Amino acid sequence: STDDAGSGSTSDGSGSASSEDETTVRIGIPSGWDEGIAVSHLWKAVLEDEGYTVETQTADIGILFTGLAGGDFDLMFDGWLPLTHASYWERYSEDLTDLGVWYDDAKLTIAVNEDSPAQSLEDLAAMADEYDNRLVGIEPGAGLTETTIDAVIPEYGLEGMDYITSSTPAMLAELSAKADSGENIAVTLWRPHWAYDAFPVRDLEDPAGTLGEAEEIHTFGAADVMERFPELSTWVEAFELSDEQLFELENMMFNDDAYADDLDGAAAAWLDANPDFVTDLKEAAQA
Amino acid sequence: MTENHTEIRADGAYKVFGRRGAEAVRRLRSGSTRDEVKPLGTAAVIDASFEVRKGEIFVVMGLSGSGKSTLIRMLNGLWRPTAGSIHLGDDDLATVSPARLREIRRTKVSMVFQHFALLPHRTVLENAAYPLEIQGVPKEQRRERALEALRLVGLAGWEDSVPGALSGGMRQRVGLARALAADTDVLLMDEAFSALDPLIRREMQEQLLELQSSLGKTIVFITHDLNEAMFLGDRIAMMRDGRIVQIGTAEQILSEPADDYVAQFVADVDRTRVLTASSVMRPSRVVVSISGGPRLALRTMEENAASAAFVTDRNRVFHGTVTDTAVLDAQRRGDADLSAVVEPDTRQVHPDAPMSEIFAPAAESVLPVPVVDDGGRLVGVVPRVRLLEAMSQTTSLDATPSTEDSL
Amino acid sequence: MNDPIIRIPVGSWAESAVDWLTSTFSGLFAFIKTVLGSAYEGLDQILTAPPFWVVVLVLAGLAWWVKSWKMALGTVIGLVLIQTMNQWDNAMHTLALVLIATVIALAIAVPVGILAARNDAVSRVIRPVLDLMQTLPALVYLVPMVLIFLTGAVPGLVATIIFAMAPGVRFTELGIRQVDREVVEAGEAFGASSGRILRQIQLPLATRTIMAGVNQVIMLALSMVVIAGFVGAAGLGSDVTRALSSINIGLGFEAGLAVVILAVYLDRVTSALGTRSAVAKAQTAAS
Amino acid sequence: MNDPIIRIPVGSWAESAVDWLTSTFSGLFAFIKTVLGSAYEGLDQILTAPPFWVVVLVLAGLAWWVKSWKMALGTVIGLVLIQTMNQWDNAMHTLALVLIATVIALAIAVPVGILAARNDAVSRVIRPVLDLMQTLPALVYLVPMVLIFLTGAVPGLVATIIFAMAPGVRFTELGIRQVDREVVEAGEAFGASSGRILRQIQLPLATRTIMAGVNQVIMLALSMVVIAGFVGAAGLGSDVTRALSSINIGLGFEAGLAVVILAVYLDRVTSALGTRSAVAKAQTAAS
Amino acid sequence: MTENHTEIRADGAYKVFGRRGAEAVRRLRSGSTRDEVKPLGTAAVIDASFEVRKGEIFVVMGLSGSGKSTLIRMLNGLWRPTAGSIHLGDDDLATVSPARLREIRRTKVSMVFQHFALLPHRTVLENAAYPLEIQGVPKEQRRERALEALRLVGLAGWEDSVPGALSGGMRQRVGLARALAADTDVLLMDEAFSALDPLIRREMQEQLLELQSSLGKTIVFITHDLNEAMFLGDRIAMMRDGRIVQIGTAEQILSEPADDYVAQFVADVDRTRVLTASSVMRPSRVVVSISGGPRLALRTMEENAASAAFVTDRNRVFHGTVTDTAVLDAQRRGDADLSAVVEPDTRQVHPDAPMSEIFAPAAESVLPVPVVDDGGRLVGVVPRVRLLEAMSQTTSLDATPSTEDSL
């Protein structure tokens, strides 16, 4: 049903300035998803260097999927599969192009502060009191939240704990507050995430594997992205980041005061520090 | 009076405030009193029927709360009668279309509100020009006519003030100027002069009479001031508890009050302004003919034990007075008639002269004041005692003549 | 706890309704999108294209004109502060969005409020609709709106208009109903048409209340910036969201402060316009 | 584009301010947290513990008492609809939150509005503060608030109170200022104290405007449910967020509709209370 | 009068509306006119100085917009004078503390507003009881006193209505009842009767006089009605363009107007109510002593060419009248004094009797009306011609005596 409106407006755009189509890329940046923000800005820097005009738009992740499927964006770098964004993928897969995985070590976690007693999720039920009987979650309806409710809590008998769904910022704020005050805390989290660098936290073991295997972060494109950006598509398909690269990038962007709120500056600085990144990428794309 | 001389006609108009007005009207019609229907609503106007002629000033009086404002507000359709009908010219205000009603209000009838109802956000000038604005009068002309109206009510120089910065009486005059500026045939004035001081009030009253006589305006005027009512009103309607209890001229109301209520109501009136020479005069008994000769004159005077007489000719045209001594002289001289001894009487008054104008001539001489009509005919005389009787409220106007000497 | 006995599938009806709407009125929606979109683009261009000090001077000049040089000075200080917080462009995007949303909201709200004031039936019907517009969480209709309008300024605009409109209606109605009956009767007595009475008596005398409603419309519109950012409208909202995800209180505060500065400016300008009204002048004169 | 010449670090000052506040007033904050938290818990218990039909009957009874059996019937229909949409508990959580927030907001707003009406200086000072409270995006202060109050109902309550309070102040001020000067003078002329004049003349005559403000307070409080959900307050907000994350239009609509039903109910009750006021009665009698 | 009998005192009080009031006062003091300072503000009251004694009714009159309302509002501190001072009892309203001002208003002074200023959300009863509520009177008593006040103003039965459902005059009476219920020593009444019909108005006027005489209330009363002013006012202040141009008793104002403005202002007054027997009477020339014997009496009558005489004793106590024929009889009988022939004269009037009450006795007989004071002494007589002269406005009151026969 979105096709009508979506393709309609897209063809309007291409009709008026067809030559630009090849050079103007619209990237949707998911608000609140730090790795997505980081990578989007990295790509913005790269593509601008390559002569593309890059338009970015920050929106909620659900909105981004909807927009991407409607042809409102060309690229979106933060699709978590198989679990987290499964509901979006189910709904919109026909109207999306999967441009491959750029990070495959993502995973959902339950994290606690470094010096707290629990080591694994199995301990948590027994030690609930140590954690004020609270497990702090993120948005209700997020993949992580649903997994926690559907799998983690029943598996480890955590029904006795208050599982507080709120929002990612609230969860992080509480994490930060407790970290400062030295109280114990248990939160739902995921990797990669800058919080691991910023706060003394560690993951609880998940012997039953309820949080699922490692997740992959995909880049999704609009349905016709391959036709419209043949070259760019190959670069994106070849794109990969290692743990270190991603952490370094996120750190520069979110934790380094030098680039306090200058994401593009941070991306450029990171590219300067990794001069091979683009050439490697192009090579890989040719292969 | 014929139909097309009637400007306003009310036929059995009722106004009941409250949800169950219709029911209240039904009961009132079948004889219930106002108090009895109180639970159904306040019957402000009950069965009002009257006509106001073109060019007439129709005054409405009555106790506070007797329904005067309610009545006048029905005359331009601001309030609809609960029952009965109101005609303004040929339009029945109950059935007229809203567009026609607006047109009537624009062109035919304007109103002075009891509580002024000025537009607080507009200047005095803009308030006065408001009806003209609605009538679509061009700006420059509007301004001129509004200024003229303001000048009439003595507010020149205050054009640019807002109503909030005016005194009570000044506000009322703005309301007045607004209605005057509208220049409609019919003026509804709800206690339009109540906040005015006597000087301005007198001016306004004269202004109103002037408007009526020169432009033939029809005016319905509510007032509590008896003297004003008597002075202005061609006819006066007296209301009581929602009903019209009497309609008549000032003199009718004063001299033949329909009931004690009306009588009491007008008790305080300044009779000197209302009663005219014709209403206090008596037929003169001591009249002699100028051609009748001294002997006849003396006999008449003797019969009436009077020392002077009024002299007329055979057409009753008034020539003056003669005293007994002068007539005796004439008789001695052997005059054939009285023309040599008659002295013109400068004290003569017109039959319509208010009593207040008879006091001065009456004080000049012990002789009664002759009342002389437009044709110069002697129609009666006003002896002093008549004046005193008329002034003394305890004595009714047709009291038995006193024992005083009178011609 | 309190499980329903019967389950009425209101939700799925709503989904079908949205589908139906989307397909049936796609032409209308496309039209709305074009109109709103270009209005926003145009205004946004006007505000962002010139050097910032030009815009500052113009806005300060406006403040001077409607009120005083003091207010102009305050305007300069406030706007320069925005600039020094590096929020200028965002602030201008937001201003463009808020201005357009306010104008449209008022263009609808005032006539509706007038209708409601004159007609009790309309008033009764409109009231729950206003409740709905003001309290139905924007997120609920944002997703369908993205399906219709895609991302960007337009769905943000529409959501803002919907949310901000209600007080405009309510206080127009209240203001008109509070006008002294006798003054209206004066208008009637001289044969003014109801339109005239409205324009020349009721509206002027209701100005203070209506302007308070306008003020609320503007405030509510500004309070929607974050939501607008959610669907990808550019502006201060996206910085607020970004700040949150990194628990960057400073950045969030700066963006927030920029919103507040705009709010204070718009509040002052509208209230100065209110006190320039005829009534207010009359009241001052009389005191 | 428009880069700042000097960069004023307002943001980092704000951060320090928050730090300072948090550490200095921790006692006060703990107290607020306890009071608000237990008030909410208590009311929440009262609303959620009994079987739903008991609550429905009580609320319908209230509607009957303030207005008519028709409104009572409408109440029953609306509330039963909430129940059949399986949103009962959420709705009651939200209702508890909104009621407490409204009561507190009004308890602060009305006195402040009165002060502002009586004192031009206060009015001038308060106005930008109200602008701030209403437009500073809740997300900006929510994070610091979570740092202080942790997640849960309390930060949601505080945010709601802050956001919803402004119209209460504004319309109390407006209402009182609109009261006819002469009637107030009548009070003065007979030696009434200003408190008496306030209670017996100004407030009663300002009732309609103040009640319109109260209505806005309630509406704004309800419009904050989603934000409250953001910091972990239970209620309809979480379902809305959940719906958004999973592009579940139906669910979002159901939760949203429940909010609207509450809104209509509260609106009706408050407006019925408004028309039961002395003035309204007087006006009806006079017409 | 001594200081502690003064209830209200204004010393050079000014009130200028507008931002630059102080400057306007400065200029006015140094001789500028009201119009000249108009750009600085409206000078509503200029240099007002007067005293109102305890128990006095002080009437303020003047053209609309002359500053009456402004003046009265300064007397209870509702408006502060721009310059000068106002004392109420021993308190200087300019410097008194707000708490004391409130107390004064609660206990000492109440006000009837020109535009009523009723509390629209309260019933008539609650409005009337409002001052008592503020005074802290217990509920039951409050109700009783308010009901009593409403009864006084003729609004019994309307207790439960709201002001919006009342007519203009009824609203004014609620304002009146409110001030009366407050039962303070000082009453400020700003055109308190302007919307009342004559019946209720007369009642209210009498009520007010009653209040003043029995309870010793001090009343400041603004009115446009000359007769009312003359009837009520112990003294009358005439205002013009913000200034007080004359203060005096009704008769002073009427007979010695300070300027043309005042004279014109009072021209319309109904003299019959204002002028009293004492102001129109003349010394009686034909007075005979009861103990003086018939012969002496006859001589006196002859000298004055009168056919009757008034009889007094040596203390000038009035005994009645004798006619020449009766005295002749007495002389024939050889009576030593006149006691056998003196007839009591029922027409006698008090010196304070208004002229309106002299007309009836004057009409009864040609003899002048004897004016007899409280001690029974004959202080003068009112011949008919005097009445007529006084009524004729063109004739001034001290016109030369006419030629009429008079005792």
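Each chain carries a letter (A, B, C, D and E) given by its place in the written order, and its residues are counted from 1.
Everything that follows uses one rule, which is that a residue touches a chain if its C-beta (ideal position, glycine included) is under 8 Å from a C-beta of that chain, and two chains touch if they have at least 3 such contacts.
The structure displayed is predicted, hence computed values, not measured ones.
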Item to check | chain E reached from chain A - shortest hop count over touching chains | outcome: 2
Item to check | Most distant chain from chain E by Cα centroid | outcome: A
Next on the checklist: As a test of understanding: of all chains, whose mean C-alpha position lies farthest from that of chain D?
Outcome noted: B
Item to check | Chain pair with the greatest number of C-beta contact pairs | outcome: C-D
Next on the checklist: Just the number, please: Cα centre separation of chain D and chain E in whole Å.
Outcome noted: 61
Checklist entry - CA centre of chain A versus CA centre of chain B: separation in Å? => result 94
Checklist entry - Distance-wise, how many Å sit between the C-alpha centres of chain A and chain D, to the nearest whole number? => result 36
Item to check | For chain D, residues that touch 2 or more chains besides their own | outcome: 11, 139, 142-144, 241, 243-244, 247-248, 287
Checklist entry - What parts of chain E, by residue number, touch at least two of the other chains? => result 115, 165
Checklist entry - Among the residues of chain A, which ones contact at least 2 other chains? => result 60, 62, 66, 167, 169, 173, 176, 260
Checklist entry - Between which chains is there touch? => result A-C, A-D, B-C, B-E, C-D, D-E
Checklist outcome for this item: Per the touch rule above, chain A residues touching chain D in the complex are 60-62, 65-66, 87-88, 91, 136, 139-142, 145, 164-167, 169-171, 173-174, 176-177, 260
Checklist entry - So in the complex, which bits of chain E are touching chain B? => result 17, 42, 61-70, 114-115, 165-170, 172-173, 191, 194-202, 224-226, 264-266, 268, 270, 272, 356, 359-360, 362-366, 384-385, 387-389, 391-395, 402-405
Next on the checklist: Looking at the complex, which residues from chain B come into contact with chain C?
Outcome noted: 76, 78, 101-107, 110-111, 113, 115, 117-122, 130-131, 134-135, 161-165, 178, 182
Checklist entry - Tell me, which parts of chain D touch chain C in their complex? => result 1-12, 14-15, 18, 48, 51-52, 81, 83-86, 88-89, 127-128, 131-132, 134-144, 163, 166-167, 170-171, 174, 178, 181, 208-209, 212, 215-216, 219-220, 222-223, 225-226, 236-237, 240-241, 243-244, 247-257, 259-260, 262-264, 267, 271, 287
Checklist outcome for this item: The chain C residues in contact with chain A across the complex are 19, 22-23, 26, 29-30, 33, 86, 142-143, 146-152, 229-232, 234, 238-239, 241-248, 250-251
